[in-house]
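Quick heads-up: structures coming right below.
Each of the next two complexes has subunit A plus one other chain: subunit B in the first, subunit C in the second.
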Partner chain A sequence: MSLWVDKHRPRDLMKLDFHKDQAIRLKNLVQQSDFPHLLVYGPSGAGKKTRIMCLLRELYGSGVERLRQETMTFTTPSNKKIEIMTVSSNYHIEVNPTDVGIHDRVVIMDLVKNVAQTHQIDSSGQREFKVVILNEVDDLTKDAQHALRRTMEKYVATCRLILIANSISRVIPAIRSRCLTIRIPAPTETEIASVLHLVCKKESINIPSDLAMRIARSADRNLRRALLMCEACKVQQYPLTADQKVPEPDWQIFIRDTASTILSEQSPKKLGEVRQKLYELIIHGVPPDMIFAGLLKELVKNCDMAMKCQVASHAARFEHRMRLGNKPIFHLEAFVAKFMAVYKKFMEESLGDAF
Partner chain B sequence: MSSIQKVRKWCNFEFDENEPQKKNIKNPKQSENMLLEEKVAISKIEKSDYGHGTVNINDKNWMKTFDPVIVEDLAIHNKKIQEVEEWLKSCAGKNQSDILLMTGPVGSGKTITISILAAKHNIKVTEWITPLDIDMPSDYGDYEFKEKQSTKFLEFIIKAANFTSLLDNNDRKLVIVEDFPNTFIRTPSEFTDVLQQYKYRAKSPIVFICSETHSDTKNTALNLFTPSLKEQFHIHHIMFNSISTTGLKFALKRVSEIISKKHKAVYNVPTADMIDCVVNSSAGDVRSAVLNLHFACLKGSNMDLETSIVIEKETKSKTKKKKNSSKFLSLGKDQTVNILHGVGRVLNPKVAFTEKGKQLTHSPKDVIEQFLSQPSSFVNFLEENYLPHFSCSDHTDKAASALSDADFMLAEWREKMCQEYGLYTAVAGIMLANKAPISAWNPVRGPKNMKVQYPSPQELRLDVNYLYKGKVLVMDYQTYSKIIGCNSSELNNISIHL
Partner chain C sequence: MQAFLKTGKISATDKPSSSGIKTSTKKKPPAPWVEKYRPKTIDDIVDQGEVVQVLRECLSGGDLPHLLFYGPPGTGKTSAILAAARQLFGDITRDRVLELNASDERGIQVVRDKVKAFAQLTVSATRLDGRPCPPYKLVILDEADSMTTAAQAALRRTMERETRTTRFCLICNYVSRIIPPITSRCSKFRFKPLARENVIKRLREICEAEGVDVGEGDVLHQAVDTCEGDLRRALTALQCCQRLLGKITADGLIEVTGLVPENTVNEYLSVKNYSELEKFVDKFLMDAYSASQLLEQLSATVVTAGHLTNKQKCVISEKAAVCSHRLLDGGAEFMQLTDLGCTIITANNDP
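This part shows the complex of A and B:
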């Protein structure tokens, strides 16, 4: 199945649709023989990976697009075998160290060492270094980040790291300073709409500009989601009309559902139901911070201004706790319990005023 | 080891003072009256051994004076004893290598049951004890060749099963293994090989005795004796429970009888109160109960100290918990609280009114003391189970906040105190937040396994080497690829039909 997102992904730095200035700079960076480690960050769906793939193509030619999948095994100091999937070409290797949870440090150290110790076979006409792409660097444990710092310095001669993160606030300063940080901002809604128009034109279908705007708005400035939405719209109903339904992601609907459960009744029993729903979300892989954001957004719709402040500050507190703690569910539940208490008090007071 | 064992077969060591007793029992007398006679005979022997009937604590085997000698002395439930006895009878004289596995908590009388029953049925028992194997370099600095532990083990058990000792002429034998060689815990497959060999070559039954522990990792019974292994070798499994209160009382009464008959010089005769204390504090462990009783009854210079502790504890606990009138005597062993029990104490806080005002029956400090070694798992249990006990959303808010704080503190593993503080925050937070608890029966559930399952690219019908994984697939692709995928496949079907 070839999705529009993949089919129409720009493969050359010069063909990118937005942030064109940055694209030129990136091209210049690569055209000089060498470049430093990169830390590419930005929100989801802004085009981080697209730009990196373009960059690699610029570096090594079309060979980087011949990908193969491999499972690598590592042994932890406690003799536990861990497996991790890697996607690699002849010139680069990409890995998601957070897949192995708390053992990410071992993966980073061994993987980078493995890659760095083997030189490029044919260095004439090619670059002298390989590239290691690490995903979700901001979710790495502190241990792994410190290991990364050391590794980065040691193997700088034979490999370059490209780190991908959503936000650099959780990347330790030592790594930040060793990398050239490149921020990829999310595209604006008009930019998304124009990309949608472009893609539709290539697919030779007609999209009403109202619909394009609506998709752009409901996609949260996430281009990938916007393109997927657009294709889903086309599958659901063609020809496209300006007022047709834009399908939302399942998890957003589920979060909204959870929020309405919270608002319907404030009791420990309801909290138990909410907890089951939160469990379900977490187990299916929705990141807890997105659940937090989604819940807050839905809940504050039913609050007055004073309460909004209060709820938002509680949410911020528990979200921070969640980052520092181990179990997201504890903090999500604490937030829901706090909201229930505040909301119940508010409802009782307003009822009291009415009489 | 085998060489040591050979020596053992040839001569009796002096410290093995059980030997005369055993010989006595081994006389083939079966009727009850005879046994009673025997008991008298034994006590006579004991008396002659100890001169004036006093226990010499310096004697290595002083504990043995209180060991049960006949089946009726056992504090274990009759049904269990019968079960073991039936097994023994069933495999007696068959010349077959039947295998029995006995599991149960520590001090539930597994070993003593089998040895007493073996004595009753005139069966010679040989036990494997894992030898020390420290590598000592020879004069030239190289290491001696040593046999593998498992080979030694196999050789020993087969020899013990097939060959009779020269000292006694009975031909019914039983091998006991309580002390498993380490190598089996590391590589369970070796154990399977050993069992296979044993089954094939040996001519006597073998008994494996495993103590159960709370943690799964150290549970030999679970790790070694997998269900498939049990099936393969037709292993009979008898599970022992911890000793009941009546059983404990019975055993202690017997001990106190022995004391009052023979050892008045060393011990004070224990009072009924004292026995109650010991029973309550031992949590079904008969061995530690006897030890505690021994400690509590000792005469001597520190006698006053002991009794004063007992009295103090008693008065304290009486004010604390009048209804159950249970008294905790913290002698040697702390009162054990398992995790479910602890969870119950936290979730149903009981408030007692004393002179100082309101007080919790179980103070948070006492509760956390029991779980300091595994703070996060205890907090997980609390989190999973606290909700049904709350009636008001204000209270849940406080409890949930406390749990959130606790998780934050427990995450700081570098600071040792944080673990304790985190646990305390959770326990005290929940106990104090619940002002109006619901008292209903709520089964305690284990914490959920929160392993995230990301969809695989194949599930979403994407290319295997796909650029994105994990979160991105869930957040963006899942919904839409379902819509796009199913519709396009429908379209394909239609086009095929056309």
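This part shows the complex of A and C:
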């Protein structure tokens, strides 16, 4: 049995539950013949993919939903074989080029060229072009982004790209100026709550408004997370009640726990303990920048204004270094050590003032 | 994937190849405006008088030097050379022009083999049907700033040796990424961001051709303001706006270009305490605005802001520069915005 997130995913542009104006505009766009390249961006769980699949369905009909998964092989200039998973239909193909790390350029180029050189089956009403969906373009190497530039212009007759990103800060301007950029803000808490109500209705379940609102609030405006939480609630206790506990993601609890360890005592010994916890988080696949953000949020809670600023600036500095280096643990730990030093001094001084 | 590719067959005539520019005149499917209105001849190029002048001389029989075009995106570099090539070579463009860009393999090996092989082909000064044509071939290296130094060094030798039969045209955004031995062999042309009036004129022509109503032209001014001399960006914005909203409006343009609304910038600039800041940053990122865009607009606002002292302006601008650099390196937006926000709070409390 599939999860609610998949089971109740809207499949039609007009059935999308929020940003309805935008859905209407996208529908207009499809009706025009000069469909441009798209760059779709928004935070995770904002429904980018759902919206794009609806758009494709609008473009090509239900044929795009017959998906198959395949592994493709590419050869790098240095004759290394690389493999990548693709999901495709007769009309589109989707990849995560970042899966292959620094070889992303080869994958993108070969793929786009392949697609652009095959003709669309020309029964009437079909589009002249196929679509290539690239995920996580903000994490592409600069090399790959540069390679996309002329490619996007050259093959525009037979192939359109849909680029998906969390933010356009890291997409080079030359690419941005070649695409229609579509911003997808995260749904608001009210919008999330109303989606929860809808889904529960489809499942013939009764959900108290209070509970829906609480789930929405603790989901960080991430619809996917809210739905998963809601389903977990149902597994935990049914019928749902207004005051039942909303399960929080484990890693959030764990980060909070780590933060309180740091605040409890500032010593090399504690630092060692914290390191174990950080390792644990990393091993479980929590992205290091989320660990950083989580720690910062928790740690500044007990600080005064001046110190909050100081800590935030250290965090920003260490996080930046982490991006340049390749072992996140070093930089996380450096930040924790720095925080301990600053915090300890602060505590001692404020104790000193008290006497 | 195989099945996916097999749904159609590769047609021999339409296969895009890196060794030629499509000259087919058959009905093209509707293309985005930027492609549709790409200058067909060098006379269509807006601004850039100097380059156009030189190219025009070549067209009327003069010799073509090696060229190096550089300048910001969307100022007509690629368009200029493609138009010139088409005018120079007409229907034999395919045999005489080799276009390589960042998407093609351009390591040392390719420069040594492919470019050299192409350069060594001899050419005559007449076409098959006897009409005259320029006695040389043209190699276009678009986006040359993404070539490695080693590949550029290899290129230098080839350039030197094949000058008799081959001209090179290098195109890049940053001329500093091209090695000096190459720049010194080329005539350099800087493509300036296009002048305001000219952009507006061009946009108006295109809108007319498309039958789009732009009213008195206020929205065109808006389009120019948001695109900083990048005509491609302005055109894409206009088209997107037209396609999405059915009409072109100032608000629509702001939305499609990903600009941050002005009051959001001001809100950030006037945060007073940390919890306000935290809330602002969360909301900002949830609304999917871009931090680097915010910083860009912020620095413009700060410099002209009347309510800030010089000291405040300095402190904020300096930090904004640091944060913007970190963002370029891939730093997390949340962190950098919080850091800069703290500086703003401190500055606001200490005029």
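Here is the rule we use: the second predicted complex is superposed on the first by the 340 of 355 C-alpha atoms of A that agree within 3 Å, B and C clash if a C-alpha of one lies under 4 Å from a C-alpha of the other, contacts with A are read in each partner's own complex, and residues count from 1 in each chain.
As a convention for this text, a residue touches a chain if its C-beta (ideal position, glycine included) is under 8 Å from a C-beta of that chain, and two chains touch if they have at least 3 such contacts.
Fair warning: this is a prediction, and the values are worked out from it, not measured in the lab.
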In the superposed arrangement, which partner chain does A:Leu324 touch: subunit B (first), subunit C (second), both, or neither?
both
Count the residues of subunit A touched by subunit B and by subunit C, then name the partner with the higher count.
C
Tell me the contact category for A:Met72 with respect to subunit B and subunit C: first, second, both or neither.
second
For A:Arg275 in the superposed arrangement: first (subunit B), second (subunit C), both or neither?
first
Can A:Met213 be said to touch subunit B (first), subunit C (second), both, or neither?
neither
Counting only touches as set out at the top, which of subunit B and subunit C does A:Val246 meet: first, second, both, neither?
neither
Using the superposition on chain A described above, determine whether A:Phe292 touches subunit B (first), subunit C (second), both, or neither.
second
Is A:Gly42 touching anything from subunit B or subunit C once the two structures are fitted on A? First, second, both or neither.
second
The shared contact residues of subunit A with subunit B and subunit C are 68, 324
Of all residues in subunit C, those that touch subunit A in their complex
1-11, 14-16, 28-36, 73-74, 78, 101-105, 107, 109, 142-143, 146, 173, 227, 230, 232-233, 236, 239-240, 243-246, 255-258, 273-274, 278, 285-293, 323, 326-336, 338-339, 341-343, 345-346
Can you list the residues on subunit A that touch subunit B in the complex?
1, 3, 6, 44-45, 49, 53, 67-69, 85, 87, 96, 98-99, 135-136, 222, 224-225, 228-229, 231-232, 235-236, 247-251, 266-269, 271-272, 275, 279, 282-287, 290, 318, 321, 324-327, 329-331, 333-334, 336-338, 340-341, 344-345
Spell out the residues on subunit B that touch subunit A in their complex, using ranges where they run on.
376, 380, 383, 387-388, 390-397, 399-401, 403-408, 410-411, 448, 450-455, 461-462, 464-465, 467-481, 483-485, 487-488
In the complex, go through subunit A and note every residue touching subunit C.
25-26, 28-29, 32-34, 36-37, 41-43, 46, 68, 70, 72, 77, 86, 88-90, 93, 109, 112-121, 128-129, 143, 146-151, 153-157, 167-170, 173-174, 176-181, 183-186, 221, 289, 292-293, 296-297, 300, 305, 308-309, 312-313, 315-317, 319-320, 323-324
